[in-house]
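Scrolling down, you'll hit the structures one after another.
Two complexes follow with chain A in common, the first pairing it with chain B and the second with chain C.
So, the complex of A and B:
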């Protein structure tokens, strides 16, 4: 015990010093100020944590520094914004996406087909390339002709405030859905279905190692039928679905937007891992370059689709009330009036930014903690972080766990993006600042340590907010008349300096263990 | 004894055949381009050819990038130190040159001496954290130091000197190498500096110190076991790398009308990393080829595709990572035996048919 304490002395001293620093910083402010600063720090920390936790899980288990994580965060914000502000575009996109995806769920059928073709001789090569060519040609023909109501980006960027105000009032008139003109709906559905089936089959033939699948059962087709049915249903009920989403309370719409974002994120992560990252496990540094390239691609894609202007995302109605009885003075008031702000210690606190986001952050933290500590998957992940090869040797399908963890990490980042969008706003640069924050948080807490990610994110958020607050009120320097006001550049600089100091004292971070 | 030296002299030229050809091609490039446009070599000599002047400018940018990438390759490819703060070296050179020339009216020679001193100080600053942190943590700490530097440059308090987020403008380049009127001279000086550093690096890598650096990259513990004080060797590599990057920064400041604060950002370090990875990690000529490929690709795509260029650029990098794992030069070296064999087979086939 005594020995342990001695070994951990630098760690305890550093933690103590940080605690003393924050207590002293809080003593210098009024009560309402430090309550707000604490809550804001928690809020920034929560968003950072959502990105950092996924990053650290991926790095710990897969040894991949996923530099595209910030871009994924940004993508999540933009997807949530689109579903939330423009449900009509979302509904229009639903059909082609679902139809194109559906073919890829039939992997067992494709394996079976490949076996049959292999027995018949050299047909496989011809079928593979012909299928790919026809499938892609069909996509290229159909997709540009498929009617999707596209928004004018300028509208949103010119007067974001007006738009968000209108959206709050539910007054946005969505443009009329475009009719099918250049292509009949029947042809579009059948063409997309065929394109999806052909492409999925051709791509599956490249995976030469696929084995098994000797017999087929009706179960293999369930997912396909469901996706296909949903796609067709979305096409038939396009108008009614649009008007339903449009008339929906924005709180529910926000939830739908978040869940759509997370689904897209999980799918994206799974595809990224299995097609791009997997071939590179033996070449670590190239993964870094690959993810950097991916992040550039994602950034440019966002610029190409949504443009450069910054967007504002209106807050869901549960957190947007400004009418009678607001700002709320008690929790009951808050609940009945859906106030956007609440008075706490005479300070105005924005409910969404400073209470809801930290709440979600804490829920996610507890959820992942339970998953890691109490489930079989979590056990495998923890074991894999410690010694990947040993887990593999014990006969566990590490490949699948890798895929799950990567998908989960990307999903968490997307969730963070969607959550942060109403409070931070959307811009092309939001991903970069956040990935830097997350990296700093992880370096402070310990790169592969899950509680470390939480602690680091919290410290980064708190420190930034403390510096921002003192930028407003100023620090009186003792024995002089000078009041020192930290300038905005000091905000990122302070976290970076904290990281450098922590790393110089504890090279593995605050909670990280020696490798 | 005399015989030996003459032999080694011959070997030197034979070994550097590619380099000699490259120098020859690059020295004639502006004139040849001028001829295509109808400008005589005399006009090019007097900096009157439009296209050739433009090509010279593009080449100078490639040379600067190549020098910068070389310095990163020494650190990352040869010594195995992954630093994410490398752009700080470059920006120090660029900003110090600009500030000393503009605000303190120093002569170019004195400025370069100051820059060299600053480069050594920078390297020692990075060296201070070397014994404490390794691997990815070193990358993060260097990133941290460089971000503080970046923030300092961007800050409004130093705006009078650095130009804050607009960048350093109107650096008074001495008239005899002004990129506007004496671009051909600038071109040859930049080329000479590039060749000089390339030869120095080649010598460094094959010197005993360089060998130990390679050993550190392969396995630092083993190098320690063999009795080498690895810290000293890493510091030596850091100092050489820092000086080189700062010189690249000096040329950049003299050539470009604006030194943007981006030169100190993470983007610039990543650019060097990409160049080295495209060319081939740990191969010196890879850094040069990578710089040319990167710059020309970027330029061409931007010119013909416009906004979509970044997208295509990113895709190309991903494809290079997936299908050219050792970079251009590394893959070439791996395949060169196969290529030679195929070539011989082809020649043999023709001889037979004759």
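So, the complex of A and C:
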């Protein structure tokens, strides 16, 4: 026990030093200032944590440094914005997406088919490439002809910036839906269905290692029918669905936007892992190049679709109230008037940014903690971080667990993006700043340590906000007349300094263990 | 009788190194077979190639008549093969209970086997809530073996069970493995020839990545020349 304490002494001293630093920093401020700084720090920390925790889970279990994590965060913001401000585009996209996905749910059928074809000699190779060619050709033919009401990035009156400006004024201006012209709806549905089945089958033939016994399961068919049915329903009820979403209270719409974002993120993560990352396990340099490349591609794709300028996402109605009774002075006021701000210690606190976001951060933290400690998946993740091979040798399909964890990590980043969009606005650079913050937070807290990710994110958020605050009030230098005001470039620099300080004393981070 | 496990002339690479250059092992149902040989001969790799962790690139492995060399590890294990790696690879961040629980292949496996496992390793019962990192070497080894018993495994691959254990514990381990052999077939890698000769009915000697000699343990014990030549021990 005594031995343990001595070993942990540098850790406790560092934590103490950090605590003293923040207490001293708080003493230099008025009450309302440090309360607001603390809450803002929590807010930035929460968003950072959403990215950092996924990054750390993925790195811990899969040994993959997913440099595209920041891009995914940004993508989350843009997806949430689209669903929120342009529900019509979202509804239009629903049908082709669901139809194209449906084929991939029949994996057990494809496996069975592959096995039959394998016994027939060279047919597999022919069927594989022919299927892929026809499937992709069908997509290339149908998708551009499929009517989707999207904005024109080049046309100012209908660019995302304009939509975003109007939405901020409380107007969501949806253009007329586009009719089917070049292609009949029936042909589009059947064509997309066929394209999906063919590509899904062809892609599944590339999995070279033969599988154990796979039985056809009714569950797959049911999922297939549900996806297909939803896709067709979205087509039939396109108009009424659009006007329903349009008329919905923005709080609900925001929730829908976040959930759609997370679903897309999970899907994206799952596809990324199974197609791009999986062939590169145990080749770290290639993975790094791949994910860096993906991050660049993702950024350009976002630029191409949504355009360059920054735009805003209005806050959901629950946090957007102004006028009578606002800013709220009590919780009851806040509840009845849905105020956007609340008075606390004579300071104005923005409810969404400084209370709601930290709250979500804490909920996610607790949720993941419970998942890791209490569920079977969590048990497998904790075991897999230490020894993947042994987990596999116990008969656990590690590949599937990897896929789940990657998808979950990407889902968390996307959630972070959607959540941050109304508070920090959307820009192409938002991902880069955040991944940097997240990496620093992880280095501070311990790269593969989950509580470390939370602590590191919190420290990064707090430190940045403290420096920003002192940029306004200034630090009087003792025995001189000089008041030092930290300039904005010092904000990111300060977190790097903190990282250097921590790593010099604790090379594995505050909570990390020796590798 | 057909062997339960039939390894036919497998070749395995680790990175660019050609570790196994033709290993054949036949294991009869219900027996204990020991893989013998010097350090670095390829015994551990043979076990890992059977379970699919270092897949064989050439040759075939049959388990209960089914060809398994191209399957994923987890699919191979699910056929009923338990693997106990060397260096007692238990999960340090998991409690003893979780270390056992993670090996469940169907829900409730552990509850069904709990009694049996605790009779075999009474120590584990009292340590059940302890973290894996807090166990002694012998306790970890017992946990590693116990873990392979949670699911219904007919074949156990046990790598170096006596390594680094005190003599008293080795005795315990021998008793435990003997008890197990009444239920399942066991393939054992063992450096300690005394332990191996007490346990195994059959042996296969692996030398520089090739299986060079196999037969009944009884015959090997009397053949001091072979022992001296391949195992370097008297």
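Quick note on the criterion: the second predicted complex is superposed on the first by the 484 of 515 C-alpha atoms of A that agree within 3 Å, B and C clash if a C-alpha of one lies under 4 Å from a C-alpha of the other, contacts with A are read in each partner's own complex, and residues count from 1 in each chain.
Everything below uses one rule, namely that a residue touches a chain if its C-beta (ideal position, glycine included) is under 8 Å from a C-beta of that chain, and two chains touch if they have at least 3 such contacts.
Keep in mind that what you see is a predicted model, and the values were worked out from it rather than measured.
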More residues of chain A in touch with chain C or with chain B?
B
Tell me the contact category for A:368 with respect to chain B and chain C: first, second, both or neither.
neither
Is A:389 in contact with chain B, with chain C, with both, or with neither (first, second, both, neither)?
second
Would you sort A:443 into first (chain B), second (chain C), both or neither based on which partner it touches?
first
A:304 in the overlay: touching chain B, chain C, both, or neither? Say first, second, both or neither.
first
So in the superposed three-chain picture, is A:500 touching just chain B, just chain C, both, or none of them (first/second/both/neither)?
first
Report for A:360: first if it touches chain B alone, second if chain C alone, otherwise both or neither.
neither
First (chain B), second (chain C), both or neither touched by A:94:
neither
Per the contact definition, I'd like the list of chain C residues that touch chain A in the complex.
51, 53, 70-79, 83, 85, 89, 91-94, 98, 101-103, 105, 147, 151
Which residues, counting only chain A, touch chain B once they are in their complex?
65, 276, 279-280, 283, 285-286, 288-290, 292-294, 296-297, 299-301, 303-304, 436, 439-440, 443, 447, 487, 489-490, 492-493, 496-497, 499-500, 503-504, 507-508
Touching residues on chain B, where the partner in the complex is chain A:
82, 129, 132-134, 136-137, 140-141, 143-145, 147-148, 151-152, 154-157, 266, 270, 273-274, 277, 281, 307-308, 310-311, 313-315, 317-318, 321-322, 325
List of chain A residues in touch with chain C within their complex
209-212, 376, 379-380, 382-383, 385-387, 389-399
